[in-house]
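First the structure, which I've put down as structure tokens, then a few questions once you've had a look.
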Amino acid sequence: MSEKPVVLVDPHFRQMSEIFSADDLARLHDQFEVIWGKDEPMPLDEARQALTTASAVVCADWRYGDILPALPSLRGILTVSGGMPRNLDYDYCFAQGIRILSAAPAFARPVAEMALALALSASRSISSNDRAMRVGQEQWLHAGNVGTFMLFNKPVGFIGYGSLARALQPLLQPFGCPISVYDPWLVDGYLRSQGVTPISLEQLLETSRVIFVLAAPTSENQALLSRTMLERIQPNAVLVLVSRAHVVDFEALTDLVVAGRFKAGIDVFPTEPLAYDHPLRSAENAVLSAHRAGPVEEALWDIGSMVIDDLTAITQGFPPQRLQVAQPELIRRYMTNTIKKVTP
Amino acid sequence: MSEKPVVLVDPHFRQMSEIFSADDLARLHDQFEVIWGKDEPMPLDEARQALTTASAVVCADWRYGDILPALPSLRGILTVSGGMPRNLDYDYCFAQGIRILSAAPAFARPVAEMALALALSASRSISSNDRAMRVGQEQWLHAGNVGTFMLFNKPVGFIGYGSLARALQPLLQPFGCPISVYDPWLVDGYLRSQGVTPISLEQLLETSRVIFVLAAPTSENQALLSRTMLERIQPNAVLVLVSRAHVVDFEALTDLVVAGRFKAGIDVFPTEPLAYDHPLRSAENAVLSAHRAGPVEEALWDIGSMVIDDLTAITQGFPPQRLQVAQPELIRRYMTNTIKKVTP
Amino acid sequence: MSEKPVVLVDPHFRQMSEIFSADDLARLHDQFEVIWGKDEPMPLDEARQALTTASAVVCADWRYGDILPALPSLRGILTVSGGMPRNLDYDYCFAQGIRILSAAPAFARPVAEMALALALSASRSISSNDRAMRVGQEQWLHAGNVGTFMLFNKPVGFIGYGSLARALQPLLQPFGCPISVYDPWLVDGYLRSQGVTPISLEQLLETSRVIFVLAAPTSENQALLSRTMLERIQPNAVLVLVSRAHVVDFEALTDLVVAGRFKAGIDVFPTEPLAYDHPLRSAENAVLSAHRAGPVEEALWDIGSMVIDDLTAITQGFPPQRLQVAQPELIRRYMTNTIKKVTP
Amino acid sequence: MSEKPVVLVDPHFRQMSEIFSADDLARLHDQFEVIWGKDEPMPLDEARQALTTASAVVCADWRYGDILPALPSLRGILTVSGGMPRNLDYDYCFAQGIRILSAAPAFARPVAEMALALALSASRSISSNDRAMRVGQEQWLHAGNVGTFMLFNKPVGFIGYGSLARALQPLLQPFGCPISVYDPWLVDGYLRSQGVTPISLEQLLETSRVIFVLAAPTSENQALLSRTMLERIQPNAVLVLVSRAHVVDFEALTDLVVAGRFKAGIDVFPTEPLAYDHPLRSAENAVLSAHRAGPVEEALWDIGSMVIDDLTAITQGFPPQRLQVAQPELIRRYMTNTIKKVTP
């Protein structure tokens, strides 16, 4: 009989080999009694039964129903996606000290790197000049730099200061850019302690040369960047959208970018794939990316590594240390519609 | 009668307003008795006459002939280009303590930023995915990331460790990349003291995931990156060429990039404009830039600012502090063909 | 009738003016309906009554008894000391989402600075040479540097990787020291993600040139640094003790330092004031500090600033952001003896 | 017959084993045909003869007389002290491209570390509290911190911005201190490009909480910090003197520190050893160090390492890269009295 902690690993839609490197897979099996651990979704009845003895479950979402009170040994629910599980009784978990974790931090670095890449591609006209060279219409030297600018020392604005912002901030550090932040969930003193300046959204848009949209979608920030707000952006500024299209009035964004009001690097869209006749597809001022910021090989393996680390922490009786921890104050703000209550 | 130091400012092919901001222009006239200071080239006879009383000359090249022994007050020759003046008797200047300076440092930051931008555009497939989106052939999410990689912690190689490299190094610092350097002009102990690892060119090419070609052209490094050398580069690595095409067997580079052996970000070409039917113009694996890394507005104003700072230093009897100082050991290596001797 | 959140501020043993700058005091009253807010302890009955309407309480400890279920609006308990409140039903708070916070983070920077100061004073013999000069027995130049060493690149060990360690790490960064960490509460992957190397306590003691004892006292680490462990320390290494004497076999430490086995910088003692005839008081190899690392003016004002910031966060429905948050998994480890349960 | 470059190594007053580690000694002999290489001074006639075939000489000073024109192969004169050689015809060397180098950079890091150590010892009262504990008169906790301050964010002033300052600046970086600099040899634009603020000496003294005296002694800066200047220092500020006592009116400094006007960390004195009855020896506000900042083991080995690196560079025809290079504009300012001219 094994004395290792029992964990249920049921990661579908992710595949085992996608999130666990060979070394990590060995580590997983070395440290835990792994139930399932296959690519296909575990049959529901079987999963519910197995959960009754599991210390933790690794899954893509909570699809096991209202069975929490029947799971006395459960200490953690770890998702392998970037979001928090849906259809889960969070209050019950909080009251019982069951940790609910998302893999969002695994995506912070790749998205931050992409955000910088999109910003530089727009500010230095990398993609547009490359396109021009392919049709023999490029301008050389100074003439090719009209409208470009260097990032060094330019005022930068972050909309949202979560894990993406914290991963992007060090990448900008050598450029010496003063960073202003709009994040209504964070108090000014915290932002200042992180070396950034709290600012209103209006001021941020009016004063920043590069604006990074990094806010997670919430019930409060749909189309936060309305047409009126977007119109405050400086001519020739750069807007980089890497968190979610939800945060932006995308039609207004499209109009303004197509009209050449400012430049934009865009990785996320309201519908994906973007319609083939969408006007952004021919906008000279845009750098377009097909939702590729997060899902890179290294990030997916970071999920596996972080999951094992936090399984270790939780099953040894310590707080989770690498994944994002659901906070009672925020969970409803992220996902009002999807929360269930099972206990009366 | 003015007691300000007399300086001759004859910057053609640069224009005065291109290199001096309004503030710097005022500073220039405030601190110095400026002769000429116009966009057109100063008539030669007039210039030669003026030089007899000048403490320093700001120019694009040395076009004043073999008159150095007739210029007793001359303490500095400052070029507004990125190169050292040609047709100048360097030995005479070194013996007399006349400082010869180039504006190369003004270009270090913009070129370094462009080098990072090209590297990220290649490694994360920014430009190629953007191109694909414009013709409706993009891949989304993971599928769009095949062959891409994150820069974090990847081994990086610098070919050449001069001002470009020293400006690029801090931009890479937050990515945690170990940096190897091949620079035959620098001793290992110096390189190690700068936090980089000296390495042979062969090893650099074989082990680096991103290779930055940053070496200035010399009489010794033409086609240093020969076909055989280029073939050592890893599949799917990224080569960024921002210093000079001189350093590379460009035909071999073209063949290998067109064949998809590795990726490349290229800002400089053996002939510019690049021939309209050049195969690189349709190479999927290339990010092309029309020699735009250096000549950005901010860099040109830095030239003016640095020139005034070093005019101040030199005319007050101090060593120059901001521009690049010609070194006796190196000057012939940079430009063997162009050096003249006027004194017997 | 005020619409500001009601907070009870009862900071005794701290004084109001000690923790709140004039600006912060104004901010406190501007944002909150402050009850009490005086230096003396609030009379208990009065305090219990006031708590029934308070959103949060700022206090030095929980001295209000088993009244939590009668406090429906309470969202936070914020201490102005560096510890967690005693005699509190933590389970009830966790279940109800009442945040329990300590001001420990306000002390992280002053203690980290003191730790570096003690390390340098020991490694470079600052205090001992200064003492020698006062009695005319100093050695000059090289002779005065026998047994000293530079911190640059020396292996450093941290015992404990909490807020002190995270504040000390950036101070050591320019010295290029590789940092190893022993912290049994943290998983290896987390430590590696912070740029430090997990290591066993034995190895840490044997390989580190400077050892920082930064662990908070717990029910598990009393005299963790036993005599046997301390004897593993290298000759001429430096041990810096700034968290708690609890962690060390202090008699053994005294013996070894008095015997000259290694050097030590010590800010905390098992009994304070240290006995006047204690042998450490004449130990040549020790740098002694009278528990002065934390209580500096700037740190105390940081308490006030952090308290107001987190009162703001909590009363607006957000998670606390600046103070240390009690974690269910750890709270019993810190303070087993002092926890009460009020609810059956 | 050897083809290695011939170098004369005559380092007395330093000893060979003091400056060359075993590895470096092997490297020296591996790369060069070493003449002499012993601890005793080489007999003069023998040395002069050997110099006629040497590519470079490693020495403590130039004691070989007016023989430069007879040394056709000499490319470098490298001192193993922190100063430039005396009794040398610098003009001849500059005209011939003979590099003159001092080992000052080897001392930059140990002196910078000591400067920080002295600053912290003064600002946090490390040495004074340690002294108090040895006589049972210490104050504990807050009471022991009266008059102390944290370095974080405090305005710092550098007097002199040479190699010491550049080594100290990164050590202060994590403390976030704004740094002002007074250095009349450097132009404002250069200082700003290094991230520091040029300032007048008066303003520096009046506004800095910690003042570092880092200027090398010159013919222009004797007693630059006069009594009047020193009186501008803020009450309770800290002055750290690590370059040379030459720069300060030492009697005035003594009076002010003894009177408790400000604190001081002092490593250098006008006469050494300091008189046994000197009032500084009992000044409560001083931290005293017996000229120990520079001569540490690691720094001396850095001399050897740097010497070999620059011998390599020079004999291969490259500029020196690690030691300090004599500059024509500055050499007379450093040492007017000591320069000789041999050529008519």
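When the chains are written out, they are named A, B, C and D in that same order, and each has its own residue count from 1.
Going forward, a contact is a pair of C-beta atoms (placed from the backbone, for glycine too) under 8 Å apart; a residue touches a chain by one contact, two chains touch by 3 or more.
The shown structure was predicted, so the numbers you read here are calculated from the model rather than taken from an experiment.
Asks: Going by the stated contact rule, which chains contact subunit A and subunit C alike?
Replies: Touches both subunit A and subunit C: nothing.
Asks: Supply the minimal count of touching-chain steps required to go from subunit B to subunit C.
Replies: The fewest touching-chain steps linking subunit B to subunit C number 2.
Asks: Would you kindly tell me how far, in whole Å, the mean C-alpha position of subunit D lies from that of subunit B?
Replies: Measuring from centre to centre gives 34 Å for this pair.
Asks: Can you compute the centre-to-centre distance for subunit A and subunit B, using the mean CA position of each chain? Integer Å is fine.
Replies: 38
Asks: Just the number, please: Cα centre separation of subunit A and subunit D in whole Å.
Replies: Distance between chain centres: 51 Å.
Asks: For each chain, which other chains does it touch, given as pairs?
Replies: Between chains, contact exists in these pairs: A-B, A-C, B-D, C-D.
Asks: For the complex, give me every residue of subunit B touching subunit D.
Replies: For this pair, the touching residues of subunit B are 94-95, 97, 185-190, 193, 305-306, 308-310, 312-313, 317-319, 321-322, 327-330.
Asks: Under the stated contact criterion, what part of subunit B meets subunit A in this complex?
Replies: Residues 109-110, 113-114, 116-118, 120-121, 124-127, 129-134, 136, 138-142, 144-145, 148-152, 170-171, 173-175, 272-274, 276, 281-282, 287-292, 295-299.
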